[in-house]
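Next come two complexes built around subunit A: one with subunit B, the other with subunit C.
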Partner chain A sequence: MKPAPFAYHAPDTLDEALELLAPGDGVRVLAGGQSLVPMMKARALRPTVVIDVNRIPGLAVVEEEGGALRIGALTRQQALLDNDVAGRAQPLLHAAGRFAGYLATRHRGTVGGSLAFAAPWAELSAAMVALDAQLEVRSARGERTVPARSFFTGPNETVLEPDELLTSVHVPAAAPRTGAGFHEVSARYRDFAQVAAAATVTVDDAGVCTAAELVLLCVAPVPHRVDVAHLVGTTGDAAALDAVAGLLVGLEPLDDIEVSGTYRSRVAVTLAKRALGDAFDHARGAA
Partner chain B sequence: MSDKRVVRVEVNGAWHDGLVEPRRTLSDFLRDDLDLTGTHVACENGFCGNCNVLLDGETVRSCLMFAVQADGRSLTTVEGLAEPDGTLGRLQQAFHDNHGLQCGFCTPAMLLTAHEYLEAYPDGGTDEQIREAISGVICRCTGYQHIVESIRAAAGGAA
Partner chain C sequence: MSIAEQDPNAAKVARETAGTETPRRWLGKSLNRVEDPRFLRGQGRYLDDIKLPGMLHAAVLGSPHAHAKIISIDTSKAEALPGVVRVVTGKDVAEHAAPLPSFGAGPIVQDMIAIEKVRHYGETVAAVIAENRYIAEDACDLIEVVYEQLPVVLDPVAAREEGSALVHEALETNTAYERTFSFGEVDRAFEDADRSVTANLYWPRSTGMPMDTNGAIGDYDRGTGVVTIHANSMNFTYFLWLIAGSLKIPAGKLRLVPVVAGGSFGSKFFMHKVPTFAGFLSMLVGKPVKYVEDRRTHITNNDHHGSDRRYDASLAFDDDGEFKALRISCIDDYGAYLQFGTGTHGNALSQIVGPYRIQHVEYSLAAVLTNKNQQGAYRGFGAEVSNWILERLVDLAARDLDLDRVEIRRRNLIPAGSFPYRTPTGNIYDSGNYQGVLAKVLEDVDYDHWVEYRAKARAEGRHVGIGVVASQERSVFSSTEFWFWFDDPQFTPTSSPESASVRIGPTGEIVVTLHSQSMWGNSPETVVSQVLAEEFDVDPASVVVNYADSQNALPGTGPGGSRYTVMVAGAVAGASSELKDKIRRIASDKLEVAEADLEFRDGGVGVVGVPDRHLMLADIAMTAYMFRLDLPPDMPSGLAAHCTYDHPLTTLPNADRSDLGIFYPFVGHAWHIAVIEVDIETGKLEFLRYAAVHDAGTIVNPRTLDGQVIGGTVQGLGTALYEEILYDDLGRVRNESFEHYHLPSSMDAPSITVGHQETPSPYTAYGIKGAGEGGRMLAPAIMSAAIEDALSPYGVTVTSLPISAEQIVEWATGPRSD
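== the complex of A and B ==
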């Protein structure tokens, strides 16, 4: 199907874009278009006004300071993957990002768009929740910062108001000796994740864990953060990793046309252990 | 409300003008307005990759871009891969020689995807890298093996 007709604006400045976005209802932001355009074609979305933000300078900049990153929302997913500074500062961004779509969709698809559309399988959502990223949101009314951990409210739903634009993502610096791991399963190579696990682990000089994060996708309505505090003080040995299974009891992932919720629950345990195991190995190697 | 707009794009080295509704996809613009029907459209939803074209040298799904967004940009479609005299380019010839196509529907996108890949990996890389590169383009005929072999065969020369 073809999208319904709309009025098209391609402003040159952020202020202009926010002004155009101010009415909220019926107005949509077009960034990479990899989510919006299919939804418009399915007529699941019928915006009357589309604001193409691709011509606004400065929205696609990635800056690093003292290990902390500021990632412009319009940064293409592939540009993030190609950014060695970002990958060194936060290896999880690359570990997760390489699973996001295909090269041709990553060339267009943006970091901000992925977060704002909040697809349940969006790898970057898991990464930003694990990394405790802060999302900068602007509107003609003002500016606010939303933690990634309270940004998502359901599948394809976020706290963003219709007149708001996600402008950048701030990722705090990683502690020294922090490693990352990411695993997912999908029906076909690089297809949408059926289940995914993102993990970071920080160790001390002796290789003992001082902090760990685990976030799962597609096991709950939003990226699901699992409290893995029990890993602190361990070396990520088999017993410590096996104990993760107990933390996932009670999750009730949904069935869908591809897989059952039961399958997701089982696979989640395996992926969580693999992601954490990789993060431990990586942390020890990354002195 | 959806007034038509002028779009000016460079396609395969030549500039074209068009007058389009903003909702006109780039794939429809190429096929129906510019008559460049080498760009194939299947799912029209971003899943199959058959509509891939090169936008300033990078593969993109032309069904997920509006033509107005390509204003001022440079595109390469499969028609641009042939030699100036119309004979097959090296990569196209490699697909021909190695049975890299059956029905041919996915072939334009495969060729452009392979073209981008070989720019990054002129020596052809590994089979796994080739498979990763073409994973975003669905082929319903070949089982991909001959496509991988075609790309490998084309490696090393000016693709």
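== the complex of A and C ==
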């Protein structure tokens, strides 16, 4: 299993990379390579040009300011997990990030690569949608910012133009007393998610919910944000969580070689409730 | 059973090594593996590490269709690609080579590249030899093949019907073999029994999945006409001549050089196609050619898929739980070829009654050909399947009687005093104390505690289940199981020897040469070093082990069927015995004492009871090599011995096959207990406890034995919960990579505690029994039992594997039966 022929560039600067990306068609960016390389070796992807961005300085920086985070696209997934500041600022990043691959792949796989590859099971995609992250995108033509909530357009599809490079992710600050929960089912330990649920909950002094987010993976073509506004004003009691089931009616997840859509639908309810329940517990403990 | 039937040389070895009066010095210790340092440091020199000067690389084009005529192949574009040396098709094979070997009956012909039609997805239709593998694969993309698709034969039941498309037209049927064997009076036993249970069971197709796939380098020497083939694991001396036959060269012109392998699990046991292929390609171009399967080829075209069986099975028993008779009918989907014949069922017949006193057995087999990759060896070799069937029936019987699952087994165990025990098929169990193993496993896990725990958990609405299963572990096959199927077999081998050459050099160092490539993840060098240490009382780390190539090799059969430790220990003990005789004679002369007063101690020979009267091996060896005139007059120089150790106990089947003879007689015994908790909302499970107790006779090295038990168990968990090669309606493999073929990782495995009991075999060197496969014989049965138990409120019966999380959720959303 060897890749089809391709040209390889390893630019030293961002400008150089953007210039190489400019022709667009047939060009792929190599960051951690944990998805791209196996797919190239299986010849499922046959880019004509590969641009290795690993030598570009400054793309792997994580910065915090007033609770908000700027995460360089080239930040390794494990580096994000090892970053206590990021974990404290937005606990969902760690709760979800722990499920992104396993130790070996996380040491190579990058945050930006995961988002740009847009695998439908990507845990970090769910987290960024839940956290309303803003993605900074550059090209030789200029730069723009895209909300994570409108970034994904389908399985392995995003709004990125062929000449654009995702350079960083801005995660807004969490409100005080915000907790996170993440639950996932996969074939084996840390396999690709078959279904997953990411949740955040913010509570007031009395432990009553003031805001909540729920994003599901693998129940729709893109990370699926569920409106859980009904939780506001509740304490996350059983009745409030049970009501989530009704919100998922009508989703029609697909059957695939791994599991059926029916299984996904059933398990999504369970995982959503567990993720929200954890987020409530965590929020109350995180006061 | 008289021990007099034993092979006389093996009997001598058994006698000489049986001694338990003096405690053993080296056998039985958990020494570090002598293999580990080089493998763990990346210095193992695997096949893909070998680079010969001028070496070319090959890639293959696999068929996209499961069943199709090859109308034409246009190789012109591929040949025009710079760096391509030659494109090879079935036409070249038809002109220059002969078909691959097969032990199956009938005209079932397999070629290393398909000639007229392809019979399964991924079957090789062309190969490219190029300067590197990249170019070779690029060129494969440029080969244009025109196929005419044929009706696909996938369902082995439908394949047997009149009018089905045929996988092999010359055979005129897809049922390659069909026969019913009857041992005892089965019909009467079923009539007389109070009760019976019946189950239709399905065992899924999976495969051994080593990290290091099959690979070989062919190196043809035009000058001498010798074809040298480096291959990662071959029991090469056993069937070298068959490869020479495929290559149409005299067997003496073929030289196979063994290379260590990163795993086999059976998939390299009868590894003939890849080395033959590499040799063939090298002969075509006159240069060294490397070919290594990629993962896709290893999954779709490896010739070593495991069993794929549908069963209709019944167990007759009385109201008191006593088992009476077993009736098993099996349709086995062998895929497109039949290289081993139906040997995997011979394996099953060696221990078909398990550890139970069942007197009457009927076994019907239909071996069916379909458009799938053919079967080969996979850890258990068919006996892991039959054990699952038997333990399923036993659990059903316990449920039918409302009898505890431990108790029903206990009542039927073969009593400790009845060994050697002749089973209904004719095979024997050499020794055992099954009650002892059961008692130990119950104690090790504190079984009563978990029964109580389960009751409490259930009261809380949790789904905790316990599985308890037993198994035999037959070891050391003899070769009759490959042909006793037929009344008039074409070829009836009865040999399956193993050899060792032991040399003590002039400076006293011990170098041992092994005659099978046995290094595929097991510990042959540790075993051999520990045995030599035991014999000579030398530091096992000082022993040097190497491997003969086929032109220098003595008879060997290779690792497989849990045979290598038993057989190589016998061969090393036999060679050591000869050397020790010579050493004693020299030492007796030098020390001027009677031979009977000498003992091997502290790296040499000493006078019993006199600590300072001692000679190092080096003292004796230097004399043996350099001082002929100091030796006894009739003694030639040197200190080397070779031993070919035959299967210790093989007997022939009788004419009507109502007695298959002794063919797999060294039989271990094991029990596993697992406690699990099932999350019925996701179908996922958690292990609360997993314990195994095995009796594999005398233990050479407890740590490496634990490794075999744990590794086999985890592979069994793969079969039980994760693994299945999925074919779509057109016969294409849907999971041809690890993305969707799920192997359990260490993170998915439970923490397994392993206990041992040692009941020596009376027939083997030191009383060792083989133990490479037992874990995989128990884990599928235990997971079936434990999940069934956890879901008992829903009245679940596990009848097929793997048991998916989705299946568990479906069961648990069904109506409760309690």
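We take it that the second predicted complex is superposed on the first by the 287 of 287 C-alpha atoms of A that agree within 3 Å, B and C clash if a C-alpha of one lies under 4 Å from a C-alpha of the other, contacts with A are read in each partner's own complex, and residues count from 1 in each chain.
FYI, a residue touches a chain if its C-beta (ideal position, glycine included) is under 8 Å from a C-beta of that chain, and two chains touch if they have at least 3 such contacts.
Computed from a prediction, not measured in an experiment: that's the story for all the values here.
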item	value
Clash or fit, subunit B versus subunit C on superposed subunit A	clash
Which of subunit B and subunit C A:Tyr189 touches, first, second, both or neither	both
Touching partner for A:Gly285 - first (subunit B), second (subunit C), both, neither	neither
Which partner, subunit B or subunit C, touches more subunit A residues	B
Partner chain(s) touched by A:Tyr8 [first = subunit B, second = subunit C, both, neither]	first
First (subunit B), second (subunit C), both or neither touched by A:Gln34	first
Touched partner set for A:Arg108, first subunit B, second subunit C, both or neither	first
Subunit B versus subunit C as contact partner of A:Gly66, first or second or both or neither	neither
First, second, both or neither for A:Gly142, with subunit B first and subunit C second	neither
First, second, both or neither for A:Ser260, with subunit B first and subunit C second	second
Touched partner set for A:Gly250, first subunit B, second subunit C, both or neither	neither
Among 21-29, 93-101 or 147-155 on subunit B, the segment whose C-alpha atoms clash with subunit C after superposition	93-101
Subunit A residues contacted in one complex by subunit B, in the other by subunit C	1-5, 42, 102, 189-190
Of all residues in subunit A, those that touch subunit C in their complex	1-5, 42-43, 102, 185, 187-192, 257-260, 263, 266-267, 270-271
Complex contacts: residues of subunit A adjacent to subunit B	1-8, 10, 30, 33-34, 37-38, 40-42, 48, 50, 52, 54, 101-105, 107-108, 189-190
Residue ranges of subunit B in contact with subunit A within the complex	1-3, 5, 21-23, 25, 28, 44-46, 49, 52, 55, 58-61, 63-66, 68-69, 113, 116, 131-133, 135-136
Partner subunit A, residues of subunit C touching it in the complex	133-134, 137-138, 141, 294-296, 681-684, 722, 726, 734-735, 737, 739-740, 742, 744-745, 747-748, 804-806, 809, 813
